[in-house]
Every structure is written in C-alpha cells, then in structure tokens.
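Take a look at the structures below.
The two complexes that follow have chain A in common; it is paired with chain B in the first and with chain C in the second.
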Partner chain A sequence: MGKLISATLTRAVLALLIVLALGPILWTVLGAFKELRDIVTPVPKLVFTPTLDNFATILRNPTIRDGLLHSVIVVSAAVLIGAVLGIPAAHTLARHARKWGDDVQFFVLSLRFMPPVAIAIPFIVIYLDLGIYDTLFGLVLVYLIVTVSTVIWLAVPAFERVPRDIEEAAAMEGCGPAEIFWRFSLPVAAPSLFGALVFTFVLVWNELLLALTLAAQNATLPVVAASITSLGKEVPWGVINAATVLLVLPPLVFIGLLMGLLNTMVRSGPK
Partner chain B sequence: MTRKRFVTLTLVPAIGLLATLALVSIAGAVWFAVMNRTLRSPDYDFVGAYNFLRLLRDRRFFNALEISAVWEAVTVIGTLALAVVLAVLIFETVKKPLTRNLICFAFLVPVLLPRVAAAFIWRFLYSPSLGVINYLCGLVGIGPVEFLADPSLALISVAVVDIWQWGLFFTVILLKLMETLPRDPIEAAMLDNARTWEIHAYVTLPMLKGPLISLALVKAVESLRSFDLIFVMTGGGPGTATETLDLYAYQMGINMGGRISYASAMSLLLLVVTTVAFTIIWKAGKKWAS
Partner chain C sequence: MANITCTDIVKAYGAHPVIEGLQLDIPDHEFVVFLGPSGCGKSTMLRMIAGLEEVTGGRIAIGGTDVTDLPPGERGVAMVFQSYALYPHMSVRDNITFGLRRQGASRAEIEPRLTQVAELLGLEKFLDRRPRNLSGGQQQRVAMARAMIKTPQVFLFDEPLSNLDAKLREKLRTEIRKIHMQLKTTTIFVTHDQLEAMTIADRIVLMRDGKIEQMGSPDEIFERPASRFVADFIGTPAMNFVHAEIVAGDRLTAHGGGMTLHLSPQAFTTLKPGQRVELGLRPARMDLCEPGAENALSGKVVLVENMGAEGQVITEVAGQEISFVTQAFRSLSPGDSVCFAISPDHIHAFDPETGDSLRQE
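Let's look at the complex of A and B:
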C-alpha cells in the first residue's frame, strides 16, 4: 500500500515537473490563438474559439516581416562564414598545433567571457564613423566574433574524436594535409560539426543586445519583437504571443540534434 | 601543399579576424574611456581619468555593481541547486529509459528559447491582471502580486526565469553524466546500508566534482549575458531595482543622451574584472578538477 502511494506521488511530482518545463510555453502558444477578449479574463480560459488574426497581424506588419528577413540573412551569413573560417582552423588546432594550440584555444574561449556591452559601446561609434551603422553587413561582422569563436570551441573536440589511424593511413598513402582534412577528417566529424553549427545558429538567432545597439531600421527579429509592447491602446498580448511563437520556432526544430550533441559529449568524457 | 602552409592558411584568417575584432573593440573602449565623446556631437577631447573618477562617485554605478553581484550569485547557485536536486530525483525515481528521454526532451525546451521570447512568456504569466500565476495566487487567497513592479520581488522574479531555462538544461546534463558513472562505488555504498541521499551526497556527487565546477563556470559566464532577459522583462526597473552593469552601461551609452565615453569606462571596468576573475577561476578550476 505504501509502495502504491509513493509510486503515485512520484508520478505526480514528475508530471508537475513536465508541466513546469513546458506549461509556460504551451500557455503562450494557446494565447497566440486567442482573441484579446479571451485573454483579458479574470479566470484563465482553456476553451475558446481559436483565431488566426494574431498571426495575420504580425505577418502583415512590414516591420516584423523585415525583421524576420534580416534575421534570416544576418544569421545565415554569420553562421556560414563562421563555419568556413572556423572548421578548418579547429582541425588545425586539434591536429597540427601542439605547443601553442592551448593558448590559441584559451584566447578563443576568452572571447566568450567578453561582456557584449564591451563590444557594443565602442562599435557603435566606430560604425557611425565608418558609415556602416544600421547595415546588415555591420551586424554580420560583429556576429562573426560569436560564430567563429563558438564554431572553433565546439569543433576542436569533434576533430579530436576522429580516429588518428584514418589520418595516419591517409598520410602514408601520400595525401597532403589539406586532402586529409577534406576527404577523411571532415566526413568523419561531420555529424558533431553539424551539431556545433546548430548551437551557433541558436546563439546568434537569439541575440538581442548587439542588434539593438548597432542597428535601427535594419534590426533583427528579437529587436522588433522586444519593441512591440504597444501597437494600440491596450497591450496587444495576442500579437505578442504570436510574435513569441514565431521567434521560438526555428531553435526548437533542432532540439533532437541538441540531445544527440549532449549524448556524444557526455560519452566522450566531460571537460 | 606543405603542412606549414596548410596550418597558416587555415589558422590565420579565423584567428586574425577574431584578434582584429577583439582588438578593435578593446582599443576602442580604452580610447573612448579617456575622452569625452558623446553620440550628440562628433567632437571630443582627451579628459584622462575623469570618467573613471566620476564612476567612483556614482551611486547608481555601485547599485548596478551590487545588483550584478546578487544576480550572479542567485542564478549560479539557484541553477546548480535545482539541477542537482532534480537530477537525483529523476535518477532515483524514473528507471524506464523511454520516460527518462521524454523528460529530458521536455527539460531541453526552455533553454532553446530566445531570451526575448522567454521574457515575454513570463511577463505574460506574471501579469497582475491576466497572468496565470496571479490567478493561482488568488485561489489560495494571496494577491494580486506585482511580481515585476515590486522592487523587492522584481530581481528574484526575473532570476526565476533564468533558473527555469538553465536549471532544467543542467538537470539533463547531470542526469546523463550520472548514467555514465561506474556502478561499483554506488553498489558498495548500498551494501553498507547507506541511505539514498547519503549515496548521492558522499559518492555520486563527489565523483562529478569536475563537471560540476565546469557547469558553474559556464553558468557564471552565461549569467553575465542577462541583458536580454532583464531588458524585456523590467527594463532595469522598477527604479533601478534590477539594473545590472550591462543595463546601466546601455542606458548611459545609448538611451540617455549617448554618453559613450562614460559607458566605455564602465564597460572597460566590467571587461577587466570579468577577464581577470574568469582566468583565475578557469586555471584554478582546471587544477582542482584534475
């Protein structure tokens, strides 16, 4: 009997935990499909007539559409350039640098310690003087600090896990270092590298401060979303919820990948 | 292609770019910190240590420093405590791999949310007039509670969101790490009739000392990037109750009259303190963990 009670209690606690993790998000998703009068009720409503008005409002709003477009351009350019520059560098750090490799890696990691304000404040003046303030190019440029350093940081362990035998055998066959990297190490490390790129994508997709300071008209989606607090007299909670859902969707697509990345990292020994 | 050329070709563009950008921003911050540059006018003069001396007399700056320190402590400790408790709880009660994986998936969702989105989700929940939390508070006879407008509650209310995102994420990591631990020491402790909590407090968690230190460091670095969450949820208010250093620097440098030089001095101080602190902690943590 006691066992039965404790088993039920455990289940209740676990169910509560899942509600705590997902409930806030689901509530927002529900809110995105509600009309304002279903949101502004003293007792929260679970049953209501769903509407697509909120999504129609945000997709018709030119500022939000532009924000979405800018986000896609800036984030994909920054991640792509980050990958092209960072992945070969990570391979070299993992395989060809013994003495000074640790110092370079520490430098790369120390960039992650840098408070973003310390980048944003000087860059705003430099950008104004150079005339690249409020341009997509300028945003991509600062985001490269984030993407290149994160790609290197996550790709070095991925290349370290590639079995050395493969590379040594290729070297015996007379392959040069570039060929070994391109034809052997890269395909073997590809799954982990993909995870690293996804993580980098999520980081810059979610970024607010740099975009907020270095752009005005050409801002990204988080900035636009952060600025919708009053589109009319009342706080447009339905619209805000819909914008939140739009912002949340891209990172969530990759949740399975994040899980896989965690599994391989834990198995290969935490650092 | 020789090895040397390959090394140069791969490393120089990436590291060169990072070094240039880092150098430009640090040199820029130093340069502007000793000037009196504002966003309003393009002219500026050398003023020496004036900005730094003014910081020492700025009450709002010390308030921001204090809030930042409290924020770091609350979020790092809260995240790790929640993760340890939940990881042990799930490790002990959920044995089925499928259920465990489902819980892990649910726990990974919050950390993937953009900070701006998480901030809006919780502002909606905290809302005094239409929020679910205040509805629940009303059911037990409390409220309505002004979670974000009450100076004594605002910082904690925002910290809860941060701990919600990161504590659940760290729970998954800890759980995965516990699964990789060798069973022998745990079984030996069970033979000695150790209680469940004793096994974890004296056997499993000490075995995870290294990863726990790394996680604390990761969270400490991450907590410095709290700008997005606080900016959307409270904007530093009410008053200056949730104004951390990065928010104050942003307000000074961009929002209120654009006093770039003053903000530069502040962000430079922040940069030096965090770099020194984390370099020391990083090296000490590496030594201690090994």
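Let's look at the complex of A and C:
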C-alpha cells in the first residue's frame, strides 16, 4: 500500500514538473493560433477558433521574413564552416598534437571568456573600415569565432573517447590518416559531435548583441523579434507568439535533418 | 608466409630507452610467444613489427623485405588487439571484409573467403549483427576473422585473451593453436601469462627490461632456464630458491639452509668446493619419499593447497618455506612432519650475483 502511494506521488510530482516545463511552451504555441481577443480575455480560453493570421502577419511582413532568411543563412554558414574547420582541428589536437592540445584548447576557450560587448564596438569600427558592416558575410565572420572555438572545445573530448585501437586496426588495414579520420574516427565520434553542433547552432541562433550592433538592414531574427513589441499601439501578443514559434522551428528542423544525415553516415561503411 | 628478422632494434621514448639492441630471428611457419612481465617491452616490440610504433634504430625485415619504413598496411601483417578494436559502426560482415573491400576485391572474390573464415571461427550466425551485440569471446573471434581473411604473411596477437574469462581463454587458446596448425602462418603472440605461453608456443621469447632473457622451446625454458629470473617466472607453483655452498666430497654436493643436496655432476662441471650458489627446486619435480632416500628433505607442513588432482604442500624446512606438489596431499595436514625429495637431475643452480644459470650442458 505504501509502495503504491509513493509510486503515485512520484508520478504526480513528475507530471507537475512536466506541466511546469512544457506549459509555457504549449501556451505560446496555442497563443500563436489565437486571435488577440482570445488571448487577452480575463478567463483563459482553451477552446477557440484557430487562426493562421498571426503567421500570415509575420510572413507577410518583409522585415520578419528577411530576418528569418538572414538568420538561416548566417547561422547555417557559420555552423557549417565552423564544423568543417573545427572538427578536423579537434581530431588533430586529440590525436597528433596532444603535447600542445591542452594549451590550444584553453586558448580556444579563452576566446569565449570575452564579453561580446567588449568586441562589438571595435568590430563596428573595423567592419566600417573594411566595408563589411551590415553584411551577412560580416556576421558569418564574427560568428565563426564562436562556432569554431565551441566546436573545437567540444569535439576534442569526443575524439579522445574514440578508442585508439580502432584507428590502429584501420591503419593495419592500410588506411592513411585522412581515411582513418573520415571512415572511422568521425563516424564513431558522430553522436558526441552531433551534440556539439546542435549546441553551437543554438548558441549563434539566439545571439542578439553582435547581430544588433553589426547589422542594421541585414538583421537576424532575434533582432527583429526583439523589435516586434513596438510594432503597434497595443502589444500584438499573437504575432509575438507566432514569431517565437518560427524562431524555435529552424533549430528543431535542423536537428532532425542532421540526425538523419548522421545516422545514414554511421550505417554505411565503404561500398 | 614469411620469416621475420629484427636486427639491433632500439626503441627510446625521449632519452629513456625501452628496448636496447634486440636481435630476433623468427623462421617461417613458427608460432612465437613474447612473454614477460608488464613493462618489459614485449608489446612495444610487437607494435614495431606491426608498424604502429616507429623504431628508434635497427631494421625489421619480413619475408626478406625491409619493412622498417613501410606503413602498417603495406607490411603484409594482420593484428588482433587486446580490446578487439572492432569497428562499432559496421556489422560483423563489414568488419571482417573491410580490408578486402578497401583493396577493391570483388563480391565474388570476397564471399567464399568470408564463408570460409566465418565457418572456421563459428561466426556464420552473427554476420549481420553489430559488434556490441556480441559477447567478448565472439568479438575476439570476429577480430581474428578480420585478421585471417586477408591471408597475411604474419599474424600478430597483442594479449588477445586477457579480457576473457578463464574458461573461454582456454578454449580460444586451443582454437588459435589449431588454426595455426591448419594455416601455418608465422605468428607472434604477446602475453604475460606463462601458462598460456607454455601451452601455445613453438618457441618462447622471454623478455625482461627490453632485453631477451631467454629464447627457446617451452621445454627448454622450463627444464633449462638460463637465469634465476626465467626459472622464477615460469612454472606454477613458483620455484623454491635456496642459498647454498658447494662442499668437498666424492659427490657434487651443496649444503645450505639446513639442507644437503646432491647435484648432477654432468650438468654442473665447473662448480668447485666453497663456491656459493643459489639452488632452484621446482615444486612439481619433488614428491613424498621414505626418510633416508637420496636428497630427502624433512620439514613440517604449514599449509596444504588443494588443486584438484594434486595439491601444493608448503612446508617449513630449517626455517625456510619450501613447497612441493604431490597427489597424496589428502593424507597431510598442517603440523605433520613430512619427507620429500628431488632427483639430482632436476636441481638448478644459479650464480647468486648475476642470476645466470651455472648449468653447462
């Protein structure tokens, strides 16, 4: 009997925690489909006629549409280039340059110690001089500092966890260093690397300060979303909710795609 | 298949030498075991032959070709690792055939060879599984199949059985030996387990501190150890050692530790009265005897260890512990007085300073 009570209690607490965690997200998603009068009623409404007006408002709004597009381009490019540069660098550090590995890894991390505000202002000046202020290229460039360093920092331990014997067994079969990396180390470390990439993606996707200071016309979605609050006289709650949903959607889709890609990569050996 | 020649091999990590001037010749078809305590350089030696470790000095030749500067894949060797080192992201089939597929062998060529090795190692049922869904013994079989399918000139085994439980280890040991009798591929097998070495080897290379202490057949190593170290390392239970002095008389006799033992005059032709020696008495070569028999030792039983068919009896002889092995151990209990003897032919004598064997023949 006591067992039953404690089990029920545990479940109740768990259910409460889940509601607490997911409640706001769920409410935001619901809000995105509500008309303003359904949102601002004193008694919260669960049954309402859903509308796509909020999404239509956002997607018809050129500023928001462009913001979304810019975000996708800038963040994808920064994460992709960061991965292409950072992952091989991490493997080299983990396997061939262990002597300097710790120092390099610390240096790379130290890049992240700097508060973004500290680099934002010098970057404005430099970017203005170089003529890349308010360009997507400029944003990709500054985000690369974040993505490359984060990818290296997280990928070195991922590669260190790959058993050295596996790489040596591959060498015994005649594989060169590049082939060992591509066919063995990378697939074996893939699950951890995937986590590193997602983390990096989310980090730059939500970045506001550098985007706010280094771009004006070519702003990314967080900048635009931040400015939505001042769109009209009354706060457009539905539109803000819809914008939030849109902001969350790309990372989710990206994660799904990447997961599928990695799974196929891991499954197929050489044909 | 090929012979292996290592000339003046030196390996150093920084200024710290691990192997110094090692000479080794392994004839074709031979099953050689590198044996020694951990840190003696046996694994390093194997990895240098494999090409996974660079040699600091000296040359390695396999089948007459100098392979010292060749990458591992071009040496015609295949290796089985202690940790199995299977590719976790590939099925058993892909693991085994990876090397052949990489060389561009056709499916028609691979399939019969895969069937052959899978049959030899009993892996037919597991070909489509992932390595993580196999037991340790099955994983090691896959690793062996992966090495075998390439029909290499040389097999290298780096403590392949150390991660398995005792029963499975014995089974796989027999299998490896049987496979070698069938394929006759030159094999080097590294282990720190002397029993494993004794049972599996054509020839044992016993190493200590980066040098070869003794090289020979299991029988030679067991019956004529070249040094006290070898005598102590080989054999279970371990050899008894007694400090003694050669005494004058008509027979070659050593006296020490309250014991008087006759030695074989043919084996030790250089021993002189007054010379100090360290005698080695193998427990397995001693047995109970009547009092007054040749080389009889009398002592008090301290402990009897039951090993099934026979038992190890630890006795105290004039203040020193001496053990011997007998089948009649069940009639003994601690506190009993016993008499046991060793034939003069089975007594070893070592130089107490250098540890070298004083046996001449």
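Convention: the second predicted complex is superposed on the first by the 230 of 271 C-alpha atoms of A that agree within 3 Å, B and C clash if a C-alpha of one lies under 4 Å from a C-alpha of the other, contacts with A are read in each partner's own complex, and residues count from 1 in each chain.
Just so it is clear, a residue touches a chain if its C-beta (ideal position, glycine included) is under 8 Å from a C-beta of that chain, and two chains touch if they have at least 3 such contacts.
Since we're looking at a predicted model, the values are computed, not measured.
J.: A:G260 in the overlay: touching chain B, chain C, both, or neither? Say first, second, both or neither.
T.: neither
J.: Touching A:P187 in the superposition: chain B (first), chain C (second), both, neither?
T.: After superposing on A, A:P187 lies in contact with chain C but is clear of chain B.
J.: With both complexes superposed on chain A, which partner does A:L14 reach: first (chain B), second (chain C), both or neither?
T.: Only chain B is touched by A:L14; chain C is not.
J.: Is A:A225 touching anything from chain B or chain C once the two structures are fitted on A? First, second, both or neither.
T.: first
J.: Under the stated touch criterion, name the partner, chain B or chain C, that contacts more residues in chain A.
T.: B
J.: Once the shared chain is lined up, is A:L144 touching chain B (first), chain C (second), both, or neither of them?
T.: After superposition on chain A, A:L144 lies in contact with chain B alone.
J.: Can A:I166 be said to touch chain B (first), chain C (second), both, or neither?
T.: It touches chain C, and chain B stays clear.
J.: From the superposed pair, tell me which chain A residues show up as contacts to chain B and also as contacts to chain C.
T.: Common interface on chain A, chain B vs chain C: 176, 266-267, 270-271.
J.: How about chain B: which of its residues touch chain A in the complex?
T.: Residues 1-3, 6-7, 9-11, 13-15, 17-19, 21-22, 24-29, 31-32, 37, 39, 42, 86, 89-90, 93-94, 99, 103-110, 112-117, 120-122, 124-125, 129-130, 132, 135, 164, 168, 172-173, 176-177, 179-180, 210-211, 214, 221, 224-225, 227-228, 231-232, 245-246, 249-250, 253-254, 260, 263-264, 267-268, 270-271, 274-275, 278-279, 282 of chain B touch chain A in their complex.
J.: Mind pulling up the chain A residues that touch chain C in the complex?
T.: 163, 165-166, 168-176, 184, 187-188, 190, 266-267, 269-271
J.: Across the complex, what residues on chain A touch chain B?
T.: Touching chain B from chain A are residues 10, 13-14, 17-18, 20-22, 24-25, 27-28, 31, 39-44, 85-86, 88-89, 91-93, 96-97, 104, 106-108, 110-126, 128-129, 141-142, 144-145, 148-149, 152, 176-178, 181, 202, 205-209, 212-213, 222, 225-226, 237, 240-241, 243-244, 247-248, 251-252, 254-255, 258-259, 262-263, 266-267, 270-271.
J.: Per the contact definition, I'd like the list of chain C residues that touch chain A in the complex.
T.: Against chain A, chain C makes touches at 50-52, 71-74, 77-79, 81-90, 94, 98-99, 101-103, 146, 150.
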